[in-house]
Amino acid sequence: MAQPVRVLVWGENRHEQTEDHVRAIYPDGMHEAVAAGIRENLGDGCTVRTATLDDPEHGLTEEVLRETDVLTWWGHQAHDEVADAVVERVHEHVLSGMGLVVLHSGHWSKLFQRLMGTSCRLRWRNEHDRELVWTVDPTHPIAAGVPHPLVIDEDEMYGEFFDIPAPDELVFISSFSGGEVFRSGCTFKRGHGRIFYFRPGDQDYPTYHHPGVRKVIANGVAWARSDRQERSYPEIRRYATGELVAEP
Amino acid sequence: MAQPVRVLVWGENRHEQTEDHVRAIYPDGMHEAVAAGIRENLGDGCTVRTATLDDPEHGLTEEVLRETDVLTWWGHQAHDEVADAVVERVHEHVLSGMGLVVLHSGHWSKLFQRLMGTSCRLRWRNEHDRELVWTVDPTHPIAAGVPHPLVIDEDEMYGEFFDIPAPDELVFISSFSGGEVFRSGCTFKRGHGRIFYFRPGDQDYPTYHHPGVRKVIANGVAWARSDRQERSYPEIRRYATGELVAEP
Amino acid sequence: MAQPVRVLVWGENRHEQTEDHVRAIYPDGMHEAVAAGIRENLGDGCTVRTATLDDPEHGLTEEVLRETDVLTWWGHQAHDEVADAVVERVHEHVLSGMGLVVLHSGHWSKLFQRLMGTSCRLRWRNEHDRELVWTVDPTHPIAAGVPHPLVIDEDEMYGEFFDIPAPDELVFISSFSGGEVFRSGCTFKRGHGRIFYFRPGDQDYPTYHHPGVRKVIANGVAWARSDRQERSYPEIRRYATGELVAEP
Amino acid sequence: MAQPVRVLVWGENRHEQTEDHVRAIYPDGMHEAVAAGIRENLGDGCTVRTATLDDPEHGLTEEVLRETDVLTWWGHQAHDEVADAVVERVHEHVLSGMGLVVLHSGHWSKLFQRLMGTSCRLRWRNEHDRELVWTVDPTHPIAAGVPHPLVIDEDEMYGEFFDIPAPDELVFISSFSGGEVFRSGCTFKRGHGRIFYFRPGDQDYPTYHHPGVRKVIANGVAWARSDRQERSYPEIRRYATGELVAEP
């Protein structure tokens, strides 16, 4: 029987401190809503902790990361406050095999830009658009049990062109009331790590209470956990002729 | 200077015979509108001929195909009347290097299904939806000079799940008034041939008179022409040890 | 706890009847060696049956397929004897969600060609080349626990150009003593089904007794099993405006 | 008639200064050999300049980059001496539409790592391996006119696992005398830019005098030139409801 996946839900946790209407939606912080959704879906198959920007080292110490199978990331107004050294550390863990689920405005984080190598820019509008999330890869484990379409009554709009590398797998495409479209569920492999980007979730809306959104995030977490037994950074090494496997 | 691309525009040409409102939109047949759009954009860079279902061998003889760099395909109500032997012949030419541009309801042709290996099924509705065609691969030559978005005031709706292999390149995504989305511009390589599928173009609408749609089709034709000098079917052959290049 | 994956190992089982040296390597038939390798790796996580060409309907009745989560396929000298109706039936099950693992010379089967849409041609040589199978997608579940490289002392050579669609995921690349290379571990999604092609395994060599090869095949079987609860052929259906989910 | 592609060949140009045997192979520097190969193949279709590490700002000023359609990059022992500000500037130009061809040990440059988001690590050995470069995407323009296989009598070995994102297109795979394999011709799109990585070319060997290698590099340059008319960084912008195209 597989060990439970050890999840760390990271939240910026600023809007919840400074804006009443956000705190009204997420009284315990957005990160707790995300964490609850994962627990609700994965049950005994997971152990979930949370960390936030204002924790020491943003709660992302070497020790914590070493004990994390999959990290989820939500940030928005304070991307610049995330220390470069922490970004490097997390980046190294992803390439070494830690799974990563990036949510919504996390597209604009230092970490996601570092992993993508692109600008991660897009068009947007925060005007209560209805979002429809359509599955275009129905055999993908992240799509299992997800309604087609997933209907989100209100959320911020993100539209193309979204400047990311072509995803390894495109799982979901969203449309919005205004007619825009967005590649809203994308997988990427980088180094030994798996990355899932999922679009929904502006702080002004109760998106992370939506059962379908929670299902997708939990599926993404389960998918992003590595099958490799050990965590190791990709190797650069000279091999002698005939030395196929590294000799001591 | 490159030789002009030799294009053959194939049209089923049945709706135009039997339905007044279609003939009113396309008095010379839909194939002539497609052909005109290619000539308009590629000018001296192309020579364009047309052929239709009711021509002998559907106008797709070995001799004609041998002189064709890129074939475009539109069919709808009479897919079953296309002879299997002709489908095999065209399929063989595509794998040997002939380019192919499949339009709209051509998704349901024997030829496209044969090339994709899938059912090519989808959801649809013919109710004058507005279609917005968004570019998600702005560096692709097929997207060059195409408005973002391309606005089509009225057309049939096609929605996901569209049962095709994940395209090699996803160039365009459409949304419709009803909120549906569709991977509407897709490239595929098969054998030595290049294939471009482009969604817009139901017979009930003047879609092939739209300058932006014509631009895309012409770009698709230019892209689909092979860079290989000769047309040849992929090889199966025994090579001796040390025989890297085939010896007579 | 997930149900055991129900595997059907299909073997042509002709060489074993007519060639002493093949029977010496595979006294119970190649299919039994493949089946044993899957059982050895998946244990209680699988139930494995076998079927062969000479069974009625090749052992691939509607009833059997309905009870099969993943089918593995090895054939070589008698591809033409597989009935077209059976190929259609299996193809339909794959698009409906049955997993498929195609082994070695199965690349030339009607079924694989039907699913790929291409010629599936390649270069080859049966001269006891050493094969090295290198992992290029180390996070893929099919690569989990597989040596890097996997060393096969002797097998038939397959070389590029292999006329297949660009795989969704390229997991393994092989090299051979003669210097040829081959995309030897490839995944494809078609319809609701997952397909894994794995190259090693000519009948003249004991490849399917190799623990590493068995590990890969078992991993492929586990990966190819669908996460979808029901088996269903992709849908073509008209949806009214506002009808997002199909109404009765 | 298309304007000639404006190429800038960038070379580190250090080995040539300090090692006699490298200078003997490349008396004018490796960059001049690369430049000569491009001119030889593209003729009037290109204008080629060169720049090196020791030029002011490494020869990569804003003004120079603005006049460059495609940049080629070779570096090896002095990656760290490339100024971060210059890397940022070049990165910005690539995302804005400048083409980039990265050669051999350029895989380890700050620029390539920045664009890939991964470690770009690999296995290697400098022991005069024979390299065979096999085409696996024969319809790709970069493969046009390239021998299959391309035989390089001696070069450094690079082997998998090569830690890069799965390429958008895999054009070439190499094998080496020692049996290793490598994804040696890869395309990537990032932002509005096209990137081609091509493996061959250690400074200890006359690889850039090889006609087949020169042909590939020239094809790569031609392919990497953007079809977009203007150079522009991807946009992040709010669009009002109904504002499909940006209004002033």
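Letters are used for the chains, namely A, B, C and D, taken in the order the chains are written, and counting of residues starts over at 1 for each.
Here is the rule we go by: contacts are C-beta pairs under 8 Å (C-beta built on N, C-alpha and C of every residue); 3 or more make two chains touch, one makes a residue touch a chain.
This structure is a prediction, so every number in the text was calculated from the model and none was measured.
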Greatest separation from chain C - chain, by CA centre: D
Pair sharing more residue contacts (C-beta pairs) when C-D is set against A-D: A-D
Selected from A-D, A-C or A-B, interface repeating B-C by over half of its contact pairs: A-D
Rounded Å distance, chain C centre to chain D centre (Cα mean): 37
Rounded Å distance between chain A and chain D, as computed from the means of their C-alpha atoms: 32
Where chain B touches two or more other chains at once, by residue number: 132, 137-138, 148-149, 159, 161, 166, 168-169, 179-180, 189, 244
Graph class of chain-chain contacts, one of line, ring, star, complete, other: complete
Chain C - residues contacting chain B, complex: 95, 114-119, 121-125, 127, 129, 159, 161, 163, 165-166, 168, 177-180, 188-191, 233-242, 244
Of chain B, residues touching chain A in the complex: 130, 132, 134-138, 148-149, 159-162, 166, 169-170, 173-175, 179-181, 183
In the complex, chain B residues that touch chain D: 1, 97, 132, 137-141, 143-145, 147-149, 151, 168-169, 189, 192-194, 226-229, 244-245
